[in-house]
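Note sheet for the following structure.
Labels for the chains are A, B, C and D, by order of writing; each one numbers its residues from 1.
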Amino acid sequence: MNRMKVGVLGATGMVGQNYLSLLDNHPWFEVVYVAASPRSAGKTFAQAVAGRWLMARPIPEPVHDLIVADANDVTQAVGQCDLVFSAIESDKETIRRLEEAYAAADIPVVSNNSAHRATADVPMMVPEVNWEHAELIKDQRQQRGWTRGLIAVKPNCSVQSYVTPVYALKQAGYPVSAMIVSTMQAVSGAGYPGPSSYNMIDGIVPYIGGEEEKSEREPQRILGQRSNGQIIPDTSIKIAAHCNRVAVIDGHTACVSLKFADRKPCLDEVKAIWQSFVSEPQRLSLPSAPIPAMIYREEPDRPQPRLDRDAGKGMAVTLGRLRSCPVFDIRFVGLSHNTIRGAAGGAILMAELLKAKGYM
Amino acid sequence: MNRMKVGVLGATGMVGQNYLSLLDNHPWFEVVYVAASPRSAGKTFAQAVAGRWLMARPIPEPVHDLIVADANDVTQAVGQCDLVFSAIESDKETIRRLEEAYAAADIPVVSNNSAHRATADVPMMVPEVNWEHAELIKDQRQQRGWTRGLIAVKPNCSVQSYVTPVYALKQAGYPVSAMIVSTMQAVSGAGYPGPSSYNMIDGIVPYIGGEEEKSEREPQRILGQRSNGQIIPDTSIKIAAHCNRVAVIDGHTACVSLKFADRKPCLDEVKAIWQSFVSEPQRLSLPSAPIPAMIYREEPDRPQPRLDRDAGKGMAVTLGRLRSCPVFDIRFVGLSHNTIRGAAGGAILMAELLKAKGYM
Amino acid sequence: MNRMKVGVLGATGMVGQNYLSLLDNHPWFEVVYVAASPRSAGKTFAQAVAGRWLMARPIPEPVHDLIVADANDVTQAVGQCDLVFSAIESDKETIRRLEEAYAAADIPVVSNNSAHRATADVPMMVPEVNWEHAELIKDQRQQRGWTRGLIAVKPNCSVQSYVTPVYALKQAGYPVSAMIVSTMQAVSGAGYPGPSSYNMIDGIVPYIGGEEEKSEREPQRILGQRSNGQIIPDTSIKIAAHCNRVAVIDGHTACVSLKFADRKPCLDEVKAIWQSFVSEPQRLSLPSAPIPAMIYREEPDRPQPRLDRDAGKGMAVTLGRLRSCPVFDIRFVGLSHNTIRGAAGGAILMAELLKAKGYM
Amino acid sequence: MNRMKVGVLGATGMVGQNYLSLLDNHPWFEVVYVAASPRSAGKTFAQAVAGRWLMARPIPEPVHDLIVADANDVTQAVGQCDLVFSAIESDKETIRRLEEAYAAADIPVVSNNSAHRATADVPMMVPEVNWEHAELIKDQRQQRGWTRGLIAVKPNCSVQSYVTPVYALKQAGYPVSAMIVSTMQAVSGAGYPGPSSYNMIDGIVPYIGGEEEKSEREPQRILGQRSNGQIIPDTSIKIAAHCNRVAVIDGHTACVSLKFADRKPCLDEVKAIWQSFVSEPQRLSLPSAPIPAMIYREEPDRPQPRLDRDAGKGMAVTLGRLRSCPVFDIRFVGLSHNTIRGAAGGAILMAELLKAKGYM
């Protein structure tokens, strides 16, 4: 199979670098194009990130000497890219406009940004949960007059550690009506340089701007139903989120208390549901699909970020500490890798799904 | 006023060291006696803690050359101590027996241990909340045949950041019926050496053995009523706690969601209740009573452990981020210093109260 | 004694905040004036630092509601300030010009900046080491035509943990000819926000721009002699510095190997020299002078930043691990608090010296 | 090729776990045997490490259900193991005796322990530096009467980041006569649980027991010559080491100042020598040999532990910040992964060399 030619917009930032690392030697996608701000344009990629390449692995060979394009110049990408991953850093209005310009130019856009997460005809997907929302692309194309172009987005990194286990329970006949979640999120989630070490050494910051709103609203949309060219959020689940920044490099941890809408499974049943969970990405054997999708650790003190974040190459969700809740029904701890599953890796999996389903 | 002669049991451990630091130059109490395990007995205090003195300030002058006694030998303390603070580290049964032996020998015992927290006639106090539980000492003395002896204990360090604000609301006519709390607790709470740096650097541990049970049960007893020589816990408040260990030296942070039993105050009212809260220790001007007892920070990203734990010399509770809760009624972040307010300092404040009230 | 009226330039930055904290209730100095960038000018100090007050103690009462002046406007300070502490953040040329403008307006300037550290007629002082360099102010005034104005500066924070012990040895007849020093420096030394937590969690950064040059050059000037209106550096001591940033909030640690120029003291003699060291600030009983000036810890694993940085209220130098060196003669570990002794506290001690000596 | 059957002694400890992780799917070695203390003996390996498996990757499949043997019982290993890796934790005398017993039972022993590092006829090897010391095994076998058995050991983890670059210079005609090195060592080097988080959060510990002696003595032996059945250390190089523990999970960093014995290369020449360095493990294409053996980073702030420790799968040495030294001749920063290159990985590379050279 010929690999699709892909571009990465915002390639020099932390999420962009993650895309490039994860796409190195990808069986379906080949990075042929990198774009960033006008400041970087014209330099080789290696020059543009000199002293700011933050990944553990070196710059991938095929990207090292690519000339960085100006991300604002859509015309340059035309003919070169079959698909772009967007990690542009700018204001929401600019991002929205730019992503739509790429799509209008027949280039599918898979985006990491929050700009289009509330746009009615843009699917926001966790591939294991709402792969069927991909069908919204038909509505999108019809409404926008696009043929090959599309925009699909991934949700916020903070929701990955609880939305899949909650969905698995719903699918098994145990919908959740309320949940209170408290997160301990890694500093890499804030990009680079992100939080000051003066706050994070011997410290936590009990606040992340905008994060609680996203963590409460996005799962409702992900769990919602497509109807009349848009997604109707599932407002039958109420969510309260406390979001904290802690001194962890990668890996968001969530302490979750759940209340079921009606029937209540026993703890063993919950565990069995999670452990046997298989979804569309696994059935389609997508290259980035973790198998298993969720891991349950029996040790009392797991999951822990450093020890568990890399499970399933950073794409699995690791769960633990399932126990009954004195206030709601059950509670547990969930963990996922925020820059892999929660950012570039999640977007790549979504792109794989869209390709497998014939949307591009 | 002549200062009371006090002893510290378990003086060489981390909590014991905190006692000694906080009691240095105390206006009412004078440390004249230190006791520890037989291994340390017979050495000067300075020798006994050589290489293991963990406080920022040096060993207090009056304690430096005291000869360490064997904590198991109650007779040695008789005649020397008007009061002992207990920070003995042993199994619960041994601690219970030993603390009772001191009390039976006419020496009041103010304890930091969890051993007697569920004993029916032993008051477990947060002086701002349940100072009236001190009256249980009358029952205790009658039932046990003690005249001067007594046992009073302080609760677990994890509850200090939410039990006082919840009590203040109850007093103001807004009792709480349910709360879900997620804590991020400092490593000093586990004593020394405590958690391995291998787990805590770039890591969190989402489990502290026994801590969630204490965090859920103890507030019910603290908020309970004295009746027939014991405390009837207030089981009308349901609590679920998620306890986590994070890479912080001192200061436990709690993310709290609250549901009110009936009437619901508005956010401004809650804030006003907390900011105007004054209780018995403040009214009595006890030496260790923080004024104010609770501090509300308006900044969006406070309280933070390193910046706020020392408020009120480590005895105040700092609150912030009060906002409405999409699942319950309100939510907020609370912080208190675990080795001061949550351990030695809290016990000293309790001893001050008992003295001011004439129990010793 | 009437307290001198002092102003703090650059009052809203981290060093400025340290000045304000340390000057609160100072017996000789009273902060009556705060100045910062035009952006902050016109606000109350509390408004200007809202959300950016980084000290553990709250904003000092007397400063809370002062209106922030524009630091560029020297005329405003005239008549209000008997002295200014400068912690201006700008380019060197601007700082130099501005500090000279204050001095020319009859306001003594005690500065934390590096801008004037190489200026021939400006004394750079560690008061315990080269208090006699204060006499350079006579030359300075004569050459510049100033009467009351003066400029005096403190050296870089990295040198405080080794320049005093080296000086003490020199005074005792054991001049050092070569030293290799490797520092592990706290993040607060870089100001706020300073190093990214992404680099500092599970990490060290083996580089601090310009720091090694300062660490090698400044001690030669501090140990130099006044001659013809300038300081002749002591180039008989060769220094090589490796400067590293580590995950520590406050406190710079230095591992030092020393070679003596001729006579070599035995280890006990070195220790005795350090422990008995008393210098001019101690003899004059300056308010901020630590007594003792240097502390030697016998434990094998001290000094440690968190446990020892606050010795002498953050003004003492703590030493340990003295042992012979297989390559040079002796080696040891030194520690000092970088934002107190190494910044605002060191400058305040210098101002106290200048006042006690009649220079202002 | 049939893989050699190997056993791991001390398999449940941190170094043992590293062996098992690194040996998973090794092309030449197959783990068939794990041994530990009597306490673990009889359990499956998974049971024996339950709650204490500290590697990021899960327990390797082939090891998961192996029954743990008693490491003291040499007879059990006979016939099962063609080779054992020793990571036994005990006193030196016991380790020495035990390792000799295995060797006497015809089982080659490749050891991570310090017990035999000073034994005259035991080679201590960094394969890139002193592969020729393997010939000492001939003397060893002759003197001890062993035929298939042998003992070979690896040096301390702290020396890996500077002994290879120093050797490369020596080979190129620039022997070093003196060096002063200051290390910042990761907590994993102390095993598990290792340093308390109470010391390491916002802290460094400027002392590691015995480490400086090893860091100064072992390089002399590694750089020494074989003569009359033993190694004559190269005492022409004087070394002083300052060893510090810092808040880093993996990766030891060293700040090194070097003085050359006679001729002095220019900086470009030094860099070229390091970058072109190829040695026996690379020439033999040993499976664990990193290519290149040493990496030079041009960025001013590298190497950094988290970003560079995994270079060459954790087996490469990363260098940076080469510059002239005002006291000696040159200085630089070196970094190597202490639990891979500095422990299990270094020992595996040594075993590969011994196999390739026909010693087993």
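Structural remarks
Everything that follows uses one rule, which is that a contact is a pair of C-beta atoms (placed from the backbone, for glycine too) under 8 Å apart; a residue touches a chain by one contact, two chains touch by 3 or more.
Nothing here was measured: the structure is a model prediction, and the numbers come from that model.
Where chain C touches chain D, the two copies mostly use the same residue numbers: shared numbers make up over half of all numbers in play. Distance between Cα centroids is largest for the pairing of chain C with A. Between chain B and chain C the centroid-to-centroid distance comes to 40 Å (mean Cα coordinates, whole Å). Mean C-alpha positions place chain A and chain B at a centre distance of 43 Å.
Rounded to whole angstrom, the centroid-to-centroid distance between chain A and chain C, based on C-alpha atoms, equals 48 Å. In chain B, the positions touching at least two other chains are 54, 199, 201-202, 247-249, 300-301, 306-307. Contact residues on chain A toward chain D in their complex (touch as defined above): 50-51, 54, 56-57, 201-202, 249, 299-301, 306-307, 310. Contacts from chain A toward chain C in the complex involve residues 54, 187-188, 192-202, 247-249. Those residues of chain B whose C-beta lies close enough to touch chain A in the complex are 178-180, 182, 184, 199, 202-207, 209, 216, 238-240, 242, 244, 246-249, 253, 255, 257, 300-307, 320-321, 325-328, 331, 333.
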